Every structure is written in structure tokens, then in C-alpha cells.
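Each of the next two complexes has subunit A plus one other chain: subunit B in the first, subunit C in the second.
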Partner chain A sequence: MAFQILLNFFLAFIWMFLKTSYTPVTFLVGYFFGLLVIFTFRRFFHTRFYGYKIVAVIRLFLIFNRELFLSNLAVLKVILKPKLDIKPGIFALPTELKEDWEITILANLITLTPGTLVIDISPDNSILYVHAMDIDDIQEAIDGIKNSFEKAIMEVSR
Partner chain B sequence: MTEILKFFIGLTVLTGALLSLVTAFGLIRLPDVYTRNHAASKSATLGVMLVLLGTLLYAYQDTGSFHSRLLLGIAFIFMTSPVAGHLISRAAYNSGVKLWGNSVRDDLAKHRKK
Partner chain C sequence: MKTNDIILQTVTKITLFVIILFSIYLFFTGHYHPGGGFIGGLMASGAIVLLLLAYDIEMVKAILPVDYRKMIGIGLLFSAGTGAGALLAGKPFLTHAYTYANLPILGKTSLHTAVLFDTGVFLVVIGVTMTIIQTIGESD
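The block that comes next holds the complex of A and B.
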């Protein structure tokens, strides 16, 4: 991915030299044409076309923001309810992610999800221990959310 | 346009202050370290972020200068606050702080025993 971006910069500079005009606008035009060229020749690279990856990163960021708002609403409801009828507990959550940074992002996302907080990660990086505020009604919902998160993170790292 | 912006600024700052207040309530009301950590690591994050966002928009609307340090502050809080919550609860668990009496299950204790 980094190689493709570097190549795109080179193409933009070549465009600037061809035009003999060294302004940011010329650079952007050259960058755009370089993007088209790299997209056309995408089958010669080992990795995917890097535009897909940027879209995946933006989607992950939007998911992050949405979950932050939803989790705040959920915590607000629990705190302001007159009767305290929560059932907290710790459950184990197996994960398929391998790299350290992927697991960090997954743990951060889970912490910002409604009613869950990561307490520990097993030494071989395969299980996350999650403290949930309301364990019985949340178990299936968590699995669904976790699948969507894990899928979004894999989309970025693939 | 400026009226809409002013309304939006007021809304963000008030919502942020309200969320911080609810966090303080949660710290008093909730029964143990872990559930309190839920309140502290979520509501406080968004509360502070909203106040900073309101400040950023206000400074832009009032003087026309764009304070990028506030934007950096928002990004750093967004990244560091969940990690801080995780580390505090992990330290509490490792030093043997008990879960609340009504807690349902504890898989971590089971796995540690093995």
C-alpha cells in the first residue's frame, strides 16, 4: 500500500515536470491522473488497489463514531434509571485477529460499544475478556456487533 | 447561517456538560470499580470531546481563526481514553478487587485457575 502511494506521488511530480508549473493545483491534477493510471494497472501489484483500503478506513471511523454515541445513550439510561437492575459479568470472547494493532483497535471499539469494557487479553492474543454491564440481554447483540467490527478491521488489514 | 451555527455551538457545549454531569452521577451511584469504569470511560470521553468541539466552532465563528490544537486535543482524547479505562480495570482485577455481589459470571477467573 505504501509503495502504491509513493508511486502515485512520483507520477504527480512527473506531471508537474511535464507541465512546468509547480503549484498545488497541478500537483492535485497529476495525483488524480496517477490514481487513474494505478487503478488501470492494478493487476500488476501484489496487494489490492489502495483506494479500497482508504474507503475501508473511513468506514471504520464512521462505525467508531456511531458506536460512541450509542454507548453514551445506553450508559445514560442505566445511570438515570431509578432502579438499579443491572447484571454485570465477565465473558470470554474468542477473536481471529492476529496482529497487535488489529487487536488494539478491536479492544478500543469494544470499550466504546454499549455496555462492554475489555479487562484482559490472553497471553496468546486469542481471547479477549470483556466486562459487560447487562450480560443476559447483550450476549447475542454483542456477537453481532463483534462480527461487524471484526469484519471491518479485516477489510482494512487484508 | 450564523444563527444556526450559534444554536449548534450551544447545543454541543450543553450536551457535553450534561454528559459530564451524568458521569459524575454514575461514579457515585454504580456499585463497583468495573461498572463505574463504564461510566467514566464512555460518557466522560464524549462529554469532553463535545465541549472541545463547541469551543473550536465558537472561536471560529467569533474571531475567524481556526484553532487546530483543539482538533488535536479531540483526537488524543478519542485515542487515549478507552486505553486508560482498560488499564485501570485491568490493574484493579489483577490486584484482586472483587466484582459486585450480583455479578452473574466470571470467565476470567475460570481461565486463570486452569
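The block that comes next holds the complex of A and C.
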């Protein structure tokens, strides 16, 4: 991944020297052609073409924004409701993520979306203890987080 | 005896991209400076030949799963199509159209249908060169 980006920058600079025009536009054009060449030879590298990873990061950002908006609405509904009939609870969320930064991002995403809050992480980094404000079905909540956040993070780190 | 090609392979990994980029530069500079579709295509196929020298034929086929014979056909379609496009506009065959456009990032750019014709030449040259070399290389 890092090698491909570095190579792309290198090619963009070579393009600038070939054109003898040292403007940002020439750099962009060279970067574009370099991207095209690297994409054509993407099977040449051991790692995936780095464009896929950038798309995955953007998708993760969009998923986070959508979840933030939807769960804020849910919390607003609970606050404005005259009857207090929520069922708070703590549940264990088993995770397949391995790297430290993956677990940190997952925990932060769960915390930043209102309604759920990461309390603790088990010593072997395999279980996240999550507090939910209103929980009807534990399995549903686990699946919801697994399918949206965990999948998107795996897409980035794969 | 099987020799270790690690130096050749490592150098190829970097120079391949520089050569391909230079061939793209030659292709686009053809209207105002020396260059064009023929030499650009030859340079691009030269890069693929370097890949063939450093690795074996199966490896290169896995990296670039391209049918070079189809590439010749597509290139010919490009060139013939550019010529036939002039007929649709009521002009003689192979009359080229050009215009200057103000593109969002690139600024003032000249657009010329001769580039499409050159793209056809580019593809045909790569296709023919690679077909010749691969056919000779595969026969025992």
C-alpha cells in the first residue's frame, strides 16, 4: 500500500520533469496517469491496488455518518417520549478484529453513535463490553454492529 | 542451471512503470513534438518485453490477462471509426475535427479527434508486437 502510493508520487514527479512544467496541474495529470499504469499492473503487486483501500475508507466514513444521524434521531425520540419505558443493559460483543487500531476504531465508532457505549475490553482483545441505552434483542444489536462497522473496518485493513 | 534473477526482477519492478509513463508521454506529445502513437506503442510493448525477460510467459499472462489479437481489432476499430465519424458529419473520410475547451482543472486544452486515431495506432502497434513475440516465444 505505502509502496504503491510512493511509486505513484515518484511517477507524478517524473511526469513533471518530462513535461518541464512544475505546476500542480501537471502533477495531478502525472498522478492520474501513474494511477492508471499502477491499476493496469495491479496484479504485479503482492498487496491489493491501493485505490480499493481508499474507497473502503470513504465507505467507512459514510457508514459512520449515516449511523450517527439515525441513532441521534432514535435518542431524540426516547428523550421526547413522555413514558420512560427503555430497557438499558450491558452485553458482550465478540469481535474478530485483531490489530490494536482496528479495535480502537471499532470501540470509538460504537461510543460515538449514541445509544451504545463501550465500557471495557477483555484482556485478550476478543470481547467488547457494550452498554446499550435501550435494548430489545441482544443478538440483533450484536449483528447490527458486526454487519455495519466490523465489516467496513475489515474491508479497510484487509 | 537456474540462475537467480533477483536483481533484474527488482529493477524491472520500478523501471517498468517509468517506461510505460514515458510511452504515455510520447503518445500525448506527438502533436507538437517528436512522438506519437507508433513510437509510444512500441515503447509500451518494449516495457512488456522487459517484463517477459525478467519473468516467464505464464507470469506475464497472469499480470496482464490481455488478448493481444483482440487489441489489434479494437485499435483498428478506433482508427476506422474516427475516419467514419467524419462521414456522419457530411465531410470527406478521415476529416478531423478540433476545438479548444476550458476544462475544470486542466484549463485551456485542445481537443482533437486525431488523438483517437492515434489511440488506434497505439493499440495496434502493442497488439502486433506482443502477438509476434508471444507466438515466437511459445513455439518450441
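In the analysis below, the second predicted complex is superposed on the first by the 150 of 158 C-alpha atoms of A that agree within 3 Å, B and C clash if a C-alpha of one lies under 4 Å from a C-alpha of the other, contacts with A are read in each partner's own complex, and residues count from 1 in each chain.
To be clear about the criterion, a residue touches a chain if its C-beta (ideal position, glycine included) is under 8 Å from a C-beta of that chain, and two chains touch if they have at least 3 such contacts.
A quick note: this is a predicted structure, and the numbers were derived from the prediction, not measured.
After superposition onto subunit A, partners subunit B and subunit C are found to sit side by side with no clash. Legend: residue contacts after superposition of the two complexes on their common chain; A:L97 is shown touching neither subunit B nor subunit C. Using the contact criterion defined above for the overlaid structures, shared-chain residue A:A56 touches neither subunit B nor subunit C, since it reaches no partner. Applying the stated contact rule after C-alpha superposition, one finds that A:V29 touches subunit C and leaves subunit B untouched. With both structures placed on the common chain, the touch criterion links A:L11 to subunit C but leaves subunit B unconnected. Legend: residue contacts after superposition of the two complexes on their common chain; A:L84 is shown touching subunit B, with no touch to subunit C.
Of the two partner chains placed around the shared chain by superposition, subunit B is the only one that A:Y129 touches, whereas subunit C remains out of contact.
Centres of mass aside, this uses C-alpha centres: at subunit A, the angle toward subunit B and subunit C in the superposed model is 140 degrees, to the nearest 10.
Contact with neither subunit B nor subunit C is seen for A:I153 once the two complexes are overlaid on the shared chain. When the two complexes are overlaid on their common chain A, residue A:T40 makes contact with subunit C while staying clear of subunit B.
Counting the residues of subunit A that each partner touches, subunit B and subunit C differ, and the larger count belongs to B. The superposed arrangement places subunit B and subunit C with a least CA-CA distance of 21 Å. Considering their complex, residues 19, 22, 25-26, 29-32, 34-35, 37-39, 41-43, 45-46, 79, 82-83, 85-86, 89-90, 93, 99-100, 102-109, 111 of subunit B touch subunit A.
Those residues of subunit A that touch subunit C in the complex are listed here as 7, 11, 14-15, 18-19, 25, 28-30, 33-34, 37-38, 40-41, 43-44. In the complex of the two chains, the subunit C residues touching subunit A come out as 13-14, 16-18, 20-22, 24-25, 62-65, 105-107. Per the touch definition, subunit A reaches subunit B in the complex via residues 68-69, 71-72, 75-76, 78-80, 84, 86-92, 107-108, 111-112, 115, 117-120, 122, 127, 129, 131, 133, 135-136.
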